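Labels run A, B, C and D following the written order; every chain starts at residue 1.
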Amino acid sequence: MSEYEIVDAKEGAELTDENTIRCLDKGFVRLVDVMGDDSSVVQAARVSYGKGTKSVREDKRLINYLMKHRHTSPFEMVEFKFHCKMPIFVARQWIRHRTASVNELSGRYSVMKDEVWEPSPSDLRKQSQLNKQCSTQETVGEPHASKIIQEFKEDQRRLFEHYNSYLESGIAREIARANLPLSTYTEWYWKIDLHNLFHFLELRLAPEAQREIRVYAEAISEFVKRKCPLSWEAFEEHSLNGVRFSRSEIAILRSVIKENWLMDKIEEMRLNQLKKEGLSDSSIRVELTELREKLTGERLNY
Amino acid sequence: MSEYEIVDAKEGAELTDENTIRCLDKGFVRLVDVMGDDSSVVQAARVSYGKGTKSVREDKRLINYLMKHRHTSPFEMVEFKFHCKMPIFVARQWIRHRTASVNELSGRYSVMKDEVWEPSPSDLRKQSQLNKQCSTQETVGEPHASKIIQEFKEDQRRLFEHYNSYLESGIAREIARANLPLSTYTEWYWKIDLHNLFHFLELRLAPEAQREIRVYAEAISEFVKRKCPLSWEAFEEHSLNGVRFSRSEIAILRSVIKENWLMDKIEEMRLNQLKKEGLSDSSIRVELTELREKLTGERLNY
Amino acid sequence: MSEYEIVDAKEGAELTDENTIRCLDKGFVRLVDVMGDDSSVVQAARVSYGKGTKSVREDKRLINYLMKHRHTSPFEMVEFKFHCKMPIFVARQWIRHRTASVNELSGRYSVMKDEVWEPSPSDLRKQSQLNKQCSTQETVGEPHASKIIQEFKEDQRRLFEHYNSYLESGIAREIARANLPLSTYTEWYWKIDLHNLFHFLELRLAPEAQREIRVYAEAISEFVKRKCPLSWEAFEEHSLNGVRFSRSEIAILRSVIKENWLMDKIEEMRLNQLKKEGLSDSSIRVELTELREKLTGERLNY
Amino acid sequence: MSEYEIVDAKEGAELTDENTIRCLDKGFVRLVDVMGDDSSVVQAARVSYGKGTKSVREDKRLINYLMKHRHTSPFEMVEFKFHCKMPIFVARQWIRHRTASVNELSGRYSVMKDEVWEPSPSDLRKQSQLNKQCSTQETVGEPHASKIIQEFKEDQRRLFEHYNSYLESGIAREIARANLPLSTYTEWYWKIDLHNLFHFLELRLAPEAQREIRVYAEAISEFVKRKCPLSWEAFEEHSLNGVRFSRSEIAILRSVIKENWLMDKIEEMRLNQLKKEGLSDSSIRVELTELREKLTGERLNY
């Protein structure tokens, strides 16, 4: 399963209607509005090129070119707006992306609804020993799991009971909420352009991301795929599934490849790959030259 | 003439078709796309209020309230995209607004077209002696004007002649353009949300703004007025035509008003004004209390 | 008491050593580093003026001029860095300011310490009935207060007990923390330029801001005052204690003032005020003209 | 010559005194101020880790880790401020980086000085036929070169002569400057954090960047190297000299490497490389696992 697929419903996100994808036990991502699509990326890119590049005719090629060479500004010309509902501990990670516009439910204005994230046994993942930041796939077994889930619910019930009693005593909402748990659901409108959305997705679809936010990133990806299929494809090709080698690493790769018949083989395979994609001869020449530059570390005169 | 009206065609901007307004001698602002309208501002504001404020029923009142109290984030939920053409010296002021997305014609990719801003006699404004930054309404008279305009055109013609000859010699576009004048027209796609657009307009509609960029701000205002009339109205009321007094100034105003029968008179006039607008009694009470707080400097217990 | 004064220790913030101010029961603001001061604002402003304005000699006058006319970019040239510790419900309001750089304690990497905000009786403010967003000065009396505070502590103790037991069961930190309360303390490094800091302070020093974040804004103000006294003074004069009238309001004020001997009186008082400040004759003339423009709504030819 | 070395003085940039590097014929980059250094990156990263990672002891390893895994926020904790002077056509590319604070010389306030970029024969590069955006290393020979340079100077001289005569006629500076050439020098204060500066450098040190701005990027790199040597080293290793393969490319590489004895060889070489760097055994194990994951495309259980 690729990492950006919609996970199974019981696992996290589920398609309910055309514009809403349910996430976790009570959350969702709903596409509210979108401005532009793949053609807007092309339109903006062409103004930069002006007359000079009428020869770049095909949208797909152009979008691929832009993504590959990190010409990111045309992707800013598409704008997505979502309505999302998620636990506060997810919202806290999410809000760190500062390039979006946000209107969140306010616990000062409104009485918080008694809606909380309740873990299921499969959510009780163990701490990774190697990566201090991550959990593993392994979960806590019984009898721990049942006890913990029970405790979670009791704590949540009690906290909301107290919250409501504080409100009844006349205490301000801004104070009464102070002990609500991070598992409480909040919601917001979230608006972001496609370039910054890709950056968000790159980080939040990564295996290192906490699974509870990754589920939302997967739901959002579904909408991007639908609305901007060419941009999404280029994002997958170059960012999401691209691989970066450091200077030290590439030095080794290069030395191994250079002293071998490997270079020829690699180039032959790449040639076949590009032919299958139906590229023009000149595009193929450019692609092969770029690959050779990466593999040799030499800037070629072309 | 209010400062955000479309100026007369000979003066600057002219309506040509529904989505394009001509500016200066060869420029324009064209509305390419817009996401949302006044109702999007309301929609986003309501998520913050949640259940708590179902009583705020009227969109106009809510938008006015948001603008007055500088609750700016809901205005970020509307997005405008324009295609604009302007002289480089205007573009250089414009680009200082960093919160927009821009794709500009590139002089490295494309051959610059021989299109330049040519001043007319009414453009040859004199330097203000009091405000070092500004020009006056007064223009340079004859025989200066004709001579200057003639020189402008000759210089522009010669620079483009040279530019084209450099390109013919095989010189790179990025070098050949180095002597092109700041009066050369460029163009771009420009995308910005309504909150940041209002900030742009507040600065560029001001009398201190250079007239050549103010013309573009006026054209943009026209589109905002059409697409988001309630937001525009609130912007005019509170930002564009509001007046801010400093602490020292307000201290004097307050002392003068307090020792007088003036407070009563002002409040009576405000009451009539608000009644004419058809406000509810409770809204009127809030408005009057706020005005009284401004005039007395005391926070009232309400 | 002005609204940006350090509140009494029992009330909120307390000076402990030169660079740390304690806030609430366990939090603090610590000044880590600062780049530049008032002279950096002047330095940056002067590059814009170049040779043209060698006559603007006095730093204080220049800073005041910049603030008054919203020439905000020179204030971006000063940078503050703070180490702050605050309850999560405060951090959630704070983080909405997107123009700062932040590194926060991560509940995925680290075990959260058992440190929570515990309300005292004076914190249990009542809900305002008029402003849906705010609390009042009035607090919940006994016997409610003692019972609530007791409950708060018990809930916090129990939640941390459970949290620690989950960790012992091997559950990942990112999951175990999901039920921790919003009163849990977090901490971060927070870096922001002076212009954006002033914007933060304008919103968070306002009487409408929740008291628990206002305490932090007051502590930060203390550092700004020390490091950039002239900028702070200008901020107080024009932003913090300035008053904005809407178009409708100013229309009334103008009509009242015009039909009176009041204008003369106001101008006379302003003249005395400015003379006392030791302004030059030409500066006084400019200030008076600006005030007259505000009061008459007419742009004067000067 | 690596692409971020200071180029030879005749070529572009030259060290003059400790804090100023001359660029092009009349420009410069001057380091005005810097807040923080490598230790500030570490300090900010550690707050995220809190108690949990006291075991990450070595600054260099930590900085390398942050850069490699794109944990970019700690690099925002260092701030650089430069005073720069450059031709307007360079400034126009530069200003597209929106994450910096800028105060530029204003042609509305100040009389522009008669300082222009004058090309030398080695600057008259030819247009690349393959990359529509770029120039080549090849230059236009004689007799073109001398004629062009002569024309450049005459045009510049004439434009400034006219500019000054317009000012004498009383024309406003904002109008008189409209025909000044893009080669005119401007200057600004430019303040930016290290993360965003690295992004700027990645784009402007690239071989595709126009040489006239690359010279400035090289000068700035010099200062970063001096002030933050560990961060600079990590930037070189992972960003500047790292290589990214697309999904299609890496698929080929992987298939070639898998069906071979190559994997072992590569790992052996990497092992030696890491040992030479003096890494601990556990660090080496992590690095090797990460490399194997890149080469096989499989997520390993570690």
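What we mean here is this: a residue touches a chain if its C-beta (ideal position, glycine included) is under 8 Å from a C-beta of that chain, and two chains touch if they have at least 3 such contacts.
What you see is a predicted model, and the numbers here were worked out from it, not measured in a lab.
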- Quick one: compare the interface residues of chain C with those of chain D and tell me same or different, with half as the dividing line. same
- Note on the structure: Counting C-beta pairs in contact for B-D and for B-C, the higher total belongs to B-D
- Task: Go ahead and note the Å separation of the Cα centroids belonging to chain B and chain C.
- Result: 28
- Note on the structure: Taking each chain's mean CA coordinate, chain B and chain D are separated, in whole Å, by 34
- Task: Note the residues in chain D that touch 2 or more other chains, in rising order.
- Result: 49, 52-53, 102, 106, 109, 132, 173
- Task: Within their complex, state which residues of chain C touch chain B.
- Result: 49, 52-53, 68-70, 130, 132, 203, 207-208, 236-238, 241-250, 252-253, 255-256, 262, 265-266, 269-270, 273, 286, 291, 294, 299, 302
- Note on the structure: Per the touch rule above, chain B residues touching chain A in the complex are 33-36, 40, 43-45, 47-53, 73-74, 76-77, 79, 81, 83, 101-106, 109-111, 113, 187-189, 191, 193
- Okay, in this complex, where on chain D does chain B touch? 87-89, 92, 95-96, 98-99, 102, 106-109, 117, 119, 123-128, 132-136, 140, 144, 148, 151-152, 155-156, 158-159, 162, 166-167, 169-175, 177-183, 210, 212
